[in-house]
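Next come the structures, one after another.
What follows is subunit A paired twice: with subunit B in the first complex and subunit C in the second.
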Partner chain A sequence: MMATITRRPSITRRISTFFYHYPGLSLFLLLLPPLAWLLIVYIGSLAALLVQSFYTIDPMSMLVKEEFTLSTYEELFTAANIDVIKRTVYLAAAVTVGCAVLAFPLAYYMARYANRRIKGLLYLAVMLPLWSSYLVRVYAWRLILVKEGVINSVFEQLGLGSVVEWVIDRPYIGGTGTSLASTYLGMFLVFVYIWLPYMILPIHAALERVPKSLIDASSDLGARPGYTFRRVIFPLAFPGVVAGSIFTFSLTLGDYIVARVIGNSVFYIGPAVSSNLSFNIPLSAAFTVVSVVIMVIYLLIARRLGAFDAL
Partner chain B sequence: MNDQPAVAVRFRDVSRHFGDVKAVDHLNLDIYDKEFFSLLGPSGSGKTTSLRLIAGFEHPSEGVIELYGQNVTRLPPYERDVNTVFQDYALFPHMNIWQNIAYGLMVKKVPKKEREIRVADVLEMVRLKGLEKRKPSQLSGGQRQRVALARALVNHPHVLLLDEPLGALDLKLRQQMQIELKAIQQRVGITFIYVTHDQEEALTMSDRLAVFNHGKIEQVGTPSEVYENPATSFVASFVGISNILSGAAAEKITGSAQPFSIRPEKIRICPPDSTVSDDSCGINGTVRDVIYLGVNTRYLIEIGDGIDINVVQQNLEATSMDVLAARGRPVKLIWQKTHNRHVINEG
Partner chain C sequence: MLKKVFLLLVVLAVVVPTGFTYGSKQLFLQEGEGEVSIVAWPGYIERGETDPAFDWVTDFEEATGCQVNVKTAATSDEMVALMNEGTFDLVTASGDASLRLVAGGRVQEVDITRIPSWDTVDDRLKEAPWHFVDGKHYGVPYQWGANVLMYNTEVFPTAPESWSVVFEEQELPDGESNAGRVQAYDGPIYIADAALYLKYHNPDLGINDPYALDRDQFNAALDLLRQQREIVPRYWHDAFIQMDDFVNEGFVASSSWPFQVNILKAQGTPIDSVIPVEGATGWADTTMMHVNAPHPNCAYLWLEHSLNPKLQGDLAAWFGSVPAVPSACEGNELLGPEGCVTNGIENFDKIFFWKTPTTDCGDDRGDVCVPYYEWVTNYIAIIGGR
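Here is the complex of A and B:
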């Protein structure tokens, strides 16, 4: 006769078994930290922001008066501030379009044609700028754009110095100073440069998910490549473009560094928020609420355009 | 009088290489107009590549492909009068069912009125009326399969290409769709070229079929020709089950070492001391295993030297108890010589 040996299962095994039988409990414990973070740190600070924007500053003591009022919003919607908001939105929109136009062909090439090696190299090339400090890159661009910078000297060498001056004098793309570093165009270039990876990666991911057989099917049904692109590839990659544009748009909307280093000394939402922080927190908060509202409107439009249909 | 039907698709010495791999190797094949033609073979045998060559998704490394006498070798897919039903259906996920089906008509700028009539017609044919507004993700596998079929048929192509279209369906649905597909083919009266690895499917549906192996065609013929007179040992074993005997085993049975095949259902199991008449073959063996399959029973009979012969018998009177009791019994296998098929054994 063999004696059966029963051994108590180890403590870790018993814990595993316990959680196996209560999947709801393990899910709760897993989600507790991220949800707490989201609710308290994220939503909480947004709510605090919203509340702050309905307070106002007491002109005598320069302290925040904690009672409900719309006077901060009255102050916000003065002509000068509306100009700031409009200018920022236009810039963010231009940067988004610029990024999308540059990113799409590259992402398309990476998803459709590049072999593994080239794809890896391109990934590296796209990600590489993100490894270095954002500030360093912005200041580097300043050196490229200033009057003594690379662009100017190249154009001068070619005898095309007047072209640069002509660009600087243009309304909407030019500026008030004497170099490209103080033009709208300069800001646009720097923003497109720093946010481009955030556009390429989601578009690439979206294009990767479009099965090859859909493209075959479209051409099988008589569609030439252009038609296939417009009716099949682009609509299916559109959620990726929207995802990317959420980054480029909101990052440009909130940025307060580029406008100071490169800008043409006019105000944008980001600098407006940061410069009001020290003496008018409610106005800063109201400016921030504006960018949140703009993003919400932006997402609603994107949904209208069918950006999330293919998800 | 010309009773030879028109050739719908002609492969003239077509090869398609992917690097060193010869996916299709010097293929010559005529597929006739209005024929239900199957390309049958295991995976990697070149059948799907051949289909993609007809569709235009692939282009031959060598050779010429003709559609109704026109050389289409270099034509892109959108210039060819063929449509494809894809294995994964390839329905456009961002369009509803109506838009999916109307896609080809939209591309060709067919007027709205006609478009609506034609889409309604095919929807009726594949019995999907009322689902026009749904998205592909809201349909079952069988329904998606029908949409894919409708989307191709609505264009009235001369040739319809089907790439294992029933592969993802369960057995019952598959058998039902086999019958339906055949009925639709007869109704619309166009050439169907059907890729499958399922020999039963190919035998059920085809007017003719080609058996592929290693990028080459082993045999072309009607289902009964291919089943009853397999040209090679590969065909004999791939289409249905066959016993392929060669070398010493063949010599022991027929007196000649020439390889031959014998179908398991042609063999009778007799007592070991039975006499064999002149027009029959016989060999002694032992029942090594019995597999009870409900309708019939499969026996594995060892005839020495580790060689097994498959025998299938219908369970006319026998119960599972009876047949399973046969294990280990000495028997004699007897079959008529006329059922032996000489095959080319490429090893």
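Here is the complex of A and C:
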């Protein structure tokens, strides 16, 4: 009895033997779910989007007319919508630069000067906001920026209320409101706050990879610290900056919440997509195609700048 | 290291924002009666979950065996989109959605003989043009109300008489300019508010119906709105953010709904509302039935129930609206004896109710009026400063 059982290999054993003989098959089965996901969900939804953008809606009943037309793109490239696209790109670029300027010194300190403990603490501090809800943080910033909020009252206590007013009156960064909550500057601050960790971490990683020996060699050859920074450290860390900028740029480009809560109600690509979603899906899709195109261009530039060399 | 961080960030960037995407749009429905699904404004169909005193669903479900499923929609455009998807029985459509639904063939004629309480409906609403088309009834009136002028009583000791406080730069009674302290509604239908203002102040334009604007009238309204853009720092979109704007951000006047006014007043903030001399735009909502309603019998039962005086009065108290059934104004505990007057029942004639602008002007001008989709693109351009 016992003998017959041990002589026949168990079913699991037979299955593993089968896969051992056909290694290609096991690889195929392993990759099937992610590939299916990628092809059907990712590429499929992008294709559906592209198709939708070539439809248009009947203006009265608002039903989508499923026939090929370029009229949605005609509508997309009216002056007002081009404003929306330009405005979004400018904002995303400004946020990216702002994040880079703030993130670099901190990442530099973390990578080159901080001891283990401080580095751990800083890491935690950088990551901490990512653990709480994005919405909560945006609404919290609203409370900070509004007229009865923290910033205004601190400045007024210090007798500097006119400084805030002066800032609000500036063109390009200001607005027409009574507080920073309805200015471009307010939106900029919130975006920089929200996406900063996505910039700090790649820069930090890039700086950590700069070999100490190169820096020593540079100073041995007579370079002053500033020169070493400009010619050795910064060029080596720059791909990290570009990698981080992909996040800050694309996340700002697609965001549709902040502009609804902070700022002066002008449209950006994100809100334009989300508000058209319930009304004019083809236009919504066309706006999304625009941001896809912008990101493709951005990624091509980033590749030339070496952002993906370390991958 | 860079590689790891990069991957980590990719994961975060993908995962983090998905926490606040919308819930599933489709409701799962079984074939057959025993339920009814309704697309409604938030707060329109309450089953006591927010406040146990406000419940007009439980009794209905017990009496009829029709389980009520509600899908809320935040804008008229969203309602039209949901109805276009199908699978719903009813929708509480405002006038700017109802005609679109009729034109798109998404709703069916309602047989009013199957609704015993039809006679109790306000006579002024029975054949209103936003649901009575070509001699056919496409729905049952539900509630109505006005887009009032909400103002801060500390800045305005007496109620402002004109909408000019939000349209034209001027010194307010507290000695400061209104620039930066007033708001407008973030919806294209607000162009009608500007047209209504011009109807009164610029009679030469010959505006009669603020929703049927020919090219010249439309352009004049846009000019007024461009001028308004200079003094409006932010357009209101979300009722609760608007309330916060009046409490924390120093806004003192705006078009608004009685809903916000009632809540702010209940909180003790110095807020009140008025309908200025120009009149006001408003909404009148109609419960309409989908052309392929899966549960027509339950839908008719709900249509009858929707005219129940208790429901009408409770809803008016809850939402700050006016009942479509005038008898609901009397003897309702939640609404109180003055509730209907507070919510504006006497203002009916001053209100120009939302309806969808179409090329057909509805008068002897013919098909020369500006259709709604142009309202949308132009309003987005104006908010964008163009």
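To be clear about the criterion, the second predicted complex is superposed on the first by the 270 of 311 C-alpha atoms of A that agree within 3 Å, B and C clash if a C-alpha of one lies under 4 Å from a C-alpha of the other, contacts with A are read in each partner's own complex, and residues count from 1 in each chain.
The rule we apply is simple: a residue touches a chain if its C-beta (ideal position, glycine included) is under 8 Å from a C-beta of that chain, and two chains touch if they have at least 3 such contacts.
Predicted model only: the values in this text are computed from it and were never measured.
By the touch criterion defined above, A:222 lies against subunit B but remains apart from subunit C after alignment on the C-alpha atoms of chain A. Once the two complexes are overlaid on the shared chain, A:45 sits clear of subunit B and of subunit C alike.
When the two structures are aligned on the shared chain, A:213 is found in touch with subunit B, with no touch to subunit C. More residues of subunit A are in touch with C than with the other of subunit B and subunit C. Of the two partner chains placed around the shared chain by superposition, subunit C is the only one that A:265 touches, whereas subunit B remains out of contact.
Of the two partner chains placed around the shared chain by superposition, subunit C is the only one that A:149 touches, whereas subunit B remains out of contact.
Of the two partner chains placed by superposition, only subunit B is touched by A:232; subunit C is not. In the overlay built on the shared chain, the residue A:178 is in contact with subunit C alone; subunit B does not reach it. Residues 310 of subunit A lie at the contact with subunit B in one complex and at the contact with subunit C in the other. If you check the complex, the residues on subunit A that touch subunit B are 211, 213-214, 216-224, 227, 231-232, 235-236, 306, 309-310.
Those residues of subunit A whose C-beta lies close enough to touch subunit C in the complex are 57-64, 75, 78-81, 83-84, 87, 130, 133-135, 142-143, 146-149, 175-179, 181-182, 198, 201-202, 204-206, 208-209, 239-240, 243, 247, 250-251, 257, 260-261, 263-267, 272, 277-281, 310-311. Subunit C makes touch with subunit A in their complex at residues 1-6, 8-9, 12-13, 16-17, 19-20, 73, 75, 77-78, 80-81, 84, 100-101, 103-106, 179-181, 186, 230-235, 237-238, 241, 244, 247-250, 356, 358, 371-373, 376-378, 380-381, 383-386. If you check the complex, the residues on subunit B that touch subunit A are 55-57, 76-78, 82-84, 86-88, 90-94, 103-104, 107-108, 151-152, 155.
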